[in-house]
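Below, chain A partners chain B and then partners chain C, in two separate complexes.
Now for the complex of A and B:
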């Protein structure tokens, strides 16, 4: 029974990892940018959630109504102000600049919020659970998982069914020809980063409700996001959800065997999958 | 005499240190079809890329409806009503046929062209509208490239070697569509290797040679000898 529980809890955790991964994947897909600061942006969103919910005295999930647009605006500004200047034929400048951004974010958060662990208080819903036989499913993890699936579904729909998604795909295919169609690449990239950070805002607040956080944990979230993207197969949005779930289950089964093995088990499964299927479990057909 | 829709004067265009166009001047009147001919490497594609904003130049070197557009970005040029059918077609491989057309129309400029009208012009595209653009034959891809440019409802259409690599019967289909495209007053610049074809569809012709204008004339009076001389620099 503990195993079934581990798998179920791991699946729910996987929804969160898929949210970590979705923003990374979107950015890489549209502009071939590997954002080293992604994990720190997740942590930034958690802190924003903390400030908004304590200053206004509102529930952290309600605070999303402010955190999401703030992060989206930040993403657009960041892209147009800084990151667009780093994009070109050379992959190194964006890596270096986002690495620098990661350092700045960590130290900035440390300066403002100190190194003390924080947590977002979600109230009574945190302990409420649905009893299924001997399985106890927390309402909050269930709600967050459902939101993650809905966000992934929304991204999939946006990418393949809307004019914005078409613009993203066209720009990703051929930037110069997309420009001929009247799409300003700098603006399209800004929109992609805005959307990615809107998703990241949700991921950060969910993270802060689930576990305690401090300014140093961004790197770990970045790795989980990367692993979920690669396990699922680059360029496949549903694959990213599957990748997050595989990672979450691996971690919770690892923890079930030995509490110290949680993170390690995830890495081992990740390595095994890229060794056996270098393009991930569900590579995009093309 | 009305104003030219496109006026190029003293255009020098560069790829880094390499100069590809020298002191080039030309003009296109509203509703006029102008042909550009010239040997491989003469600078025809560079000229198309310059006008459409993919290569940025001195602002005053290119005027469109009197406005200096030489230094604008390609999306700003497109918004003003200039559309390019690029050499090699350059469709978006991740987009279906219909999505390629829709992205061409994403600026929503008003005008006669719509999906329905493109499908009426090239019915085969309607049958294949949901397949990836990469699954089409070369001729069908060229129809998509032309349709994609028309979807922008341009006032000036630039066509760069639309017959390149296509079978004669397909080339005929595509060129037969041309009069229907320009009949409503759209101006067009056609780059074409086939000199007879170029002369038959245009009212004036420019011949480029090594980045310079070697000949300019009315398509119906220019002689083969003059073209041969301009082509090969004899």
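Now for the complex of A and C:
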């Protein structure tokens, strides 16, 4: 029973990791940009959720209606204003710029919100749970998992069924040819980042409801996002969900054996997958 | 291009000035009217530990005003300059700024506070460089044993005042004992300096808890910033734990506490070190913050007063609330006391030019501070002295939470302000 519980809770945790990772996976897929500031952008979204829900006195999940467009606009501006200038044949400049962005975000948040731990108050949903035999499934983790599946399904649909998705794929395949066909590369990249940060907004608000956060915790969340992307295989959005779930279950099973092995077990499984399948479980991209 | 080809004359004047500079600079201090004593201060102003240092500005401002007229030593007035540096909550950075203070700013005394991550690296730098050092705000076991201290020898230049794990265990047992709950406890200890010390089988919680008749379920050390505690919760449920204790950081506690509710685990007492110290953390937990308990190192109700300003504990705490609009926190008293000790040492030292004499003065301290008596002639080991510790519970009062002192058997001089209530 303990093992079933560990696997079920691990799967639900995987939903959270997939949410952390979806934005990363999207922007890496479209423009080969490794965003070191992703974890801090998640924390930024959590703080935006906090400000919106306290100022307007609304439920944090309702606040998403504002946080998502704000983050998307921020993403578009960030990409067109800063990150587009760093993209080129060299991977290093965007890496360094996003690293700097991460430092600026952390210290900016510290300056505005102080180091106090904050939490989004979501009321009864935080502690309510569904009893299935001896298993207790929290509504919040279930909702997070459902959101994560829905978002990934939505991204997948957008990628393969819409004109925007076609533009993303075309630009990702050959930037110069896409440009010749009348796609404005800078604009397409801006839209990709906007979409990525919209997903990040959801991840941030869920993180804020689930646990308390302060300006410095972003970096710790980044590594799980990266691992989920790599386990799932680069460029495959469903793979990212699978990667998140694999990571969540391995951590949970590791913790069942010994709590000290929780994070370690995730890293070990990640390394094992890299060793056996260097391109991840379901790669779509060379 | 001009600068790349200096003329011979430029080169000579520049070199001469550089060679002469140290001689001239050294002379200035000897001829100064009022000699200056520099105090280096390292504290985590930013980063995850910043809550410990949030009162720094308030405390340092009051101290600087007090020091403005200088301090009398052997009939001579010394100006005191405090140089404060940020450890960014990072032990490597703490060591770096401590070395900077010692080697570049040439401080005469170095002080530090707030958790082993700040106190230990600063003390180690001071010990190596033979600079007198006073620290606080970190239980003495992680300070002493964490630095490889040998109780027979101790350290030469570094001194520490705070309480120890034996005090925290005593205060917790005192608090739990009066409620009559089943003696079945669950332990949550992270894999960090504090968690390993608290959970240590020999020197930590397990042994005294067993001696007092408690069974402790300790699933093992978890990594800080864990996202999932369902396995620990399952283990506690299986063992029928009514008490949860340990030492956690606030985000981990929030994750644990929400998951405990989701999975139907309802302990009667939750006493956690570190995570539940600050009112801001309790506020962030909302309704579920009510009734959590923690150790109390200092509170406005402590019957002590400052040896520097004469202010009582209540006046110091209320002054902070008035100045910043924020609720009082426990480190305020200790940060103030740290500078009380410094002022006392500066006044008493035989020869302020000699670091050995300053160390002797520190060792001979016997001072009634705002956090209780500081006297290194009494202590569990050399270089360490202990301040009183009690236990308290956060109870809702109107729309705010107040930390009520509910257990004081070991320190009857600190009055009780409430009675323990079960969750």
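What we mean here is this: the second predicted complex is superposed on the first by the 284 of 286 C-alpha atoms of A that agree within 3 Å, B and C clash if a C-alpha of one lies under 4 Å from a C-alpha of the other, contacts with A are read in each partner's own complex, and residues count from 1 in each chain.
As a working rule, a residue touches a chain if its C-beta (ideal position, glycine included) is under 8 Å from a C-beta of that chain, and two chains touch if they have at least 3 such contacts.
Because the structure is predicted, anything quoted here is derived from the model rather than measured.
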- [ ] Go through the superposed model and pick first if A:116 touches only chain B, second if only chain C, both, or neither.
- [x] second
Open item on the list: So in the superposed three-chain picture, is A:127 touching just chain B, just chain C, both, or none of them (first/second/both/neither)?
Closed with: second
- [ ] Going by the touch definition up top, name the partner, chain B or chain C, that contacts more of chain A.
- [x] C
Open item on the list: Between chain B and chain C, whom does A:236 touch in the aligned arrangement: first, second, both, or neither?
Closed with: neither
Open item on the list: Between chain B and chain C, whom does A:5 touch in the aligned arrangement: first, second, both, or neither?
Closed with: second
TODO: Would you check which partner chain A:214 touches, where first means chain B only, second means chain C only, and both and neither mean what they say?
DONE: second
- [ ] Return first, second, both or neither, reflecting whether A:98 touches chain B, chain C, both chains, or no partner chain.
- [x] neither
TODO: Mind sorting out which residues of chain A both chain B and chain C touch, each in its own complex?
DONE: none
Open item on the list: For the complex, give me every residue of chain A touching chain B.
Closed with: 163, 166-167, 169-170, 172-174, 176-185, 286
- [ ] Would you pull the chain C residues touching chain A in the complex into a rising list?
- [x] 46-51, 54, 89, 191, 219-223, 225-228, 230-232, 234, 250-255, 258-259, 261-264, 278, 280-281, 284-286, 288
Open item on the list: Could you list, by residue number, the parts of chain B that touch chain A in their complex?
Closed with: 52-54, 73-76, 78-79, 83-84, 86, 90, 92-95, 99, 102-104, 106-107, 148, 152
Task: chain C-facing residues of chain A, complex - done: 2, 5-6, 9-10, 13, 16-17, 107, 110, 114-119, 121, 126-129, 131, 136-141, 210-214, 216-217, 220, 224, 248, 251-252, 255-256, 258-260, 262-264
